[in-house]
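Presented sequentially are two complexes of subunit A, the first with subunit B as partner and the second with subunit C.
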Partner chain A sequence: MRRKARKEGKTGPPASALTVMRLYISDNAPNSVQAVANLAAICKEYLEERFTLEVIDVLEEPLRALADGIIVTPSLTKVSPMPAAKIVGNLGEKSDVLIALGIKA
Partner chain B sequence: MKPALRALDVQPCANAAPAVPARILRLVKSAPERKALASGQVDAVIDRANGAVFLLHEARWAAVAVANRLLAALPQDEYQRLLPGLDAVELACGDVLHEPGQLIRHVYFPLAGLVSLLALVEGHRALEVGLVGREGMVGISLALGVDVSSVRAVVQGGGAALRMTAARFRKELCASLALQDEVYRFAEATLSRANRNAACHRFHVVEARLARRLLTTGDALRSDEFPLTQAFLADMLGVRRVGITAAAGALQRRKLIGYRHGSIRILDRKGLEAAACECYRIVRNDSR
Partner chain C sequence: MVQSGNFDLTGMLAMLKAKKEEMGARWIVFDGIDVLLTLLQDPIAEMREIYRIRDWLAENEMSALITAKVEGASSEVLSYGFMQFMVDCVVGLERRLEYGVALHRIEITKYRGSDFVAGEYPVNFGPSGMEVGAPEPTEIRHEASSERLSAGFERLDTMLGGGLFRGSSTLITGVPGTSKTTLAGKFAEAACLRGERTLFVSFDEGSDPIQRNLASVGIHLKPHVKSGLLRMYSGRTESIGAEDHLLKLKSLIREHRPRCMVIDPLSAIAKAGGIDTARAVANRLIYLVKDEKVTVMITAMNEGDDPQAEATELQISTVADTWIHLSYLVRSGERNRALTIIKSRGTWHSNQVRELVLGKAGPALADVYTAGGEVLMGTLRWEKEDEERTKTQQRIAAFDHKRSELEAAEAETRARIKTLQQELDRHAAALALYTGENQARIVSSSEREQELRRIRSADPATRAANGGMRGGGKASRRQRFQKSGELIPGGHNEA
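Entry: the complex of A and B
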């Protein structure tokens, strides 16, 4: 199962470019559920609608995850804008996520 | 096949300490991933060598809960309360879980595979009177106040299951209205299915019953290919082996199934559904 949530909007402080992310999860496992919720809150607060998020369930697509260099879930990758970044865990540390996404230096 | 079950590499105790097994630790090389693993923030690790997914800690049990629908239907707190009394066991094909006339020592909640319930009648072959898969439990008579089995419960198609002692099950059942609801719902479904089976045995031809049974097995094992001997099929359907040979031959000629060396393969699922008696569709819809 691959779930896609694509949201694109007009404004998006602080970044002007569209942030493209992939979140790798394991079905309804606790940390995965938490990561989805934590990321949703961060996107709402900081990216408004200027982001694209693809949620990939590794139980369905393990080889896709491996091809993307992911071996643990939950993992979040920022594909663009460059530089690419990756953060592992349930995304509970908001400041780490903001740094990985390039929202905060 | 969804690899979740491959990940059900269950530990024998529901309260297993959250230590990460060494073989999984070896798969994780980078510092951030190791840090997340150490802090319990990782649900699964993928083996680079073969793409196998290993679920960890609570994730494993979340998957377990989903795997058995009776347990999955319980509220989260009720399920958590049951966990310490549940042991994960691997059931092998041919294992006998209960014998008629003997005390039921454990109840089983299958996570994969099927358990066949056989009635033994003197002078005759065993006859399959029920089937239990991921939707229910084996040992339902305990919930109805009878601690002696009336059937032989034989594993058909191995897989993981959760097991609870009979004493613990009775205690948990008394303590939980939610568990009572689910168990009694399953008891009613079992009774209703037994009624349907009685009519099916009497009115439907062997070929249609065989098609139904093969489809049910394929659904439970989530595979279109599985091992089944003609002798076992004869027991399941209560007919002589020659009757099974003829029915399987007819399905084979219609290119609905393939049969070789004790292994059956469903070649045309739609066609096999059309060949099965109505009981397949009715029971499948009831159990959804």
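Entry: the complex of A and C
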């Protein structure tokens, strides 16, 4: 199963840059399902439309995930803006995720 | 990397499966799985993921080698107790510092369906790979050779009842400076001269200085080193553990294939890494050398000078077949070396202490004097020898003197006897002469008297012949007495 969600930000201040993220999941494993839900909530609350998210199912694209240096699922990587960040886990700790993504200092 | 919430290994295993199928792998190594598992921060989750790995391995028919760190003391192995339960074989590796030297130990705690040797064994990593201090066989199987070979020089061989047995181990103990190296060097030279491959291992002293020093006492190793017969190896001991030395010696023995070997001094391996390890290594080394049928001479330092006490810290004197002890005797301002054979298995050996004398022609053994229960050496020995010589001379002189004295006395006595004999003869002759004269005189005078009486007719011829009458007799007797002037009391009374 492969899901690709791309949402273009239309509203909000143009000054803030577009956040590009990749979420690596393994199908519907409990942690993966939770991670998708947690990230969706965060994006809705803090990023509104100013982000791009690619969800990669490792079970379908294992070699790509391997090439991307992914070890465990779920893992979230922030590709841009710099600095890049990597968060592992189901993203249940919202404050840690916000700091890692640079949304909150 | 930031962690936020739980994760699992399903994704990872999916990736690994893809990789495995891509390359056709049969084995997989998880190096440091603990790093990943601790991120879960939940023992139950850790266990779950480990079981996930196990199922995955079974499903994919893969064999895995999993390494995990054990923190601190070995009791904490239990934190991965469930993992130990899951796997088929558990090999424990431990690294610890002993006296500043790293020691690696290996232990097999579990191996399903297979026999294994329990216990902790040293493991070593060197340029030639990894070597495990294999456990010694419980039963010692060494062939016993009755071939004798020289221990270095003739008198020592004589003391050993004909030399050392091939494949035996000889221990030379002594305090520093007792010529342990010299004896070992002589042994090595003798082996080389017989054309036998020899390995000379020295610690803390370079092979060049050893060759130079031994040359000063007539032991020449250089030509044998050049010809390749003799291999000299000098090891540093201050920071290398005994295990590493053993590893090195093993590879040296494999390379050089020696028939004779010297380790000088073996006690040096205890310098770094602690005595317990060194003891174990020393024992294993001797067994290794015996397995290879190498005749070995090992020197060991003993701190004190008491051969009664265990002579070496390494406690190898029980393993060694022959034990030669060197000591000093300090007396009258000099230090002399003494050699004793404490034991020599399977052969007669001298029980006498000999003085070890080093000369330009090599080591030699001198007889020692025992005087008043004490051994005399060096100058004292010379003095004693001198004294003995003088005493003998004196004894001979005294004997000669006494003999001539007695001879003189005898001669004198004989002379005296001769003189006395002559005197005796003279006296005898004189006596004989005198007696003869006297007889003649008595006879002639009585004849004259009778003749006179007959002429005077004083007595009847018959009376004179048969004793005569009483009265007549009395009268004649009185007459006779009066005539001779003698008085008889009875004669007066009657008158």
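As a convention for this text, the second predicted complex is superposed on the first by the 98 of 105 C-alpha atoms of A that agree within 3 Å, B and C clash if a C-alpha of one lies under 4 Å from a C-alpha of the other, contacts with A are read in each partner's own complex, and residues count from 1 in each chain.
By our rule, contacts are C-beta pairs under 8 Å (C-beta built on N, C-alpha and C of every residue); 3 or more make two chains touch, one makes a residue touch a chain.
Note that the coordinates shown come from a computational prediction; the quantities given were computed from them, not determined experimentally.
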Subunit B versus subunit C as contact partner of A:89, first or second or both or neither: both
Partner chain(s) touched by A:28 [first = subunit B, second = subunit C, both, neither]: first
Contacts of A:40 with subunit B and subunit C, given as first, second, both or neither: neither
First (subunit B), second (subunit C), both or neither touched by A:74: both
In the superposition, subunit B vs subunit C on subunit A residues touched: C
Touching partner for A:65 - first (subunit B), second (subunit C), both, neither: both
Touched partner set for A:20, first subunit B, second subunit C, both or neither: neither
Touching both subunit C and subunit B, counted on subunit A across the two superposed complexes: 25-27, 29, 31-32, 58-59, 62-63, 65-66, 70-74, 86-90, 92
Contact set on subunit A toward subunit B in their complex: 25-32, 58-60, 62-63, 65-66, 70-74, 86-90, 92
Of all residues in subunit C, those that touch subunit A in their complex: 1-12, 14-19, 22, 36, 39
Complex contacts: residues of subunit B adjacent to subunit A: 2-4, 7, 27-28, 32-33, 35-37, 39-46, 48, 51-53, 55, 58-59, 62-63, 66
Residue numbers on subunit A that touch subunit C, as the complex places them: 24-27, 29, 31-32, 34-35, 38, 58-59, 62-63, 65-66, 70-75, 85-94, 96-97, 99-100
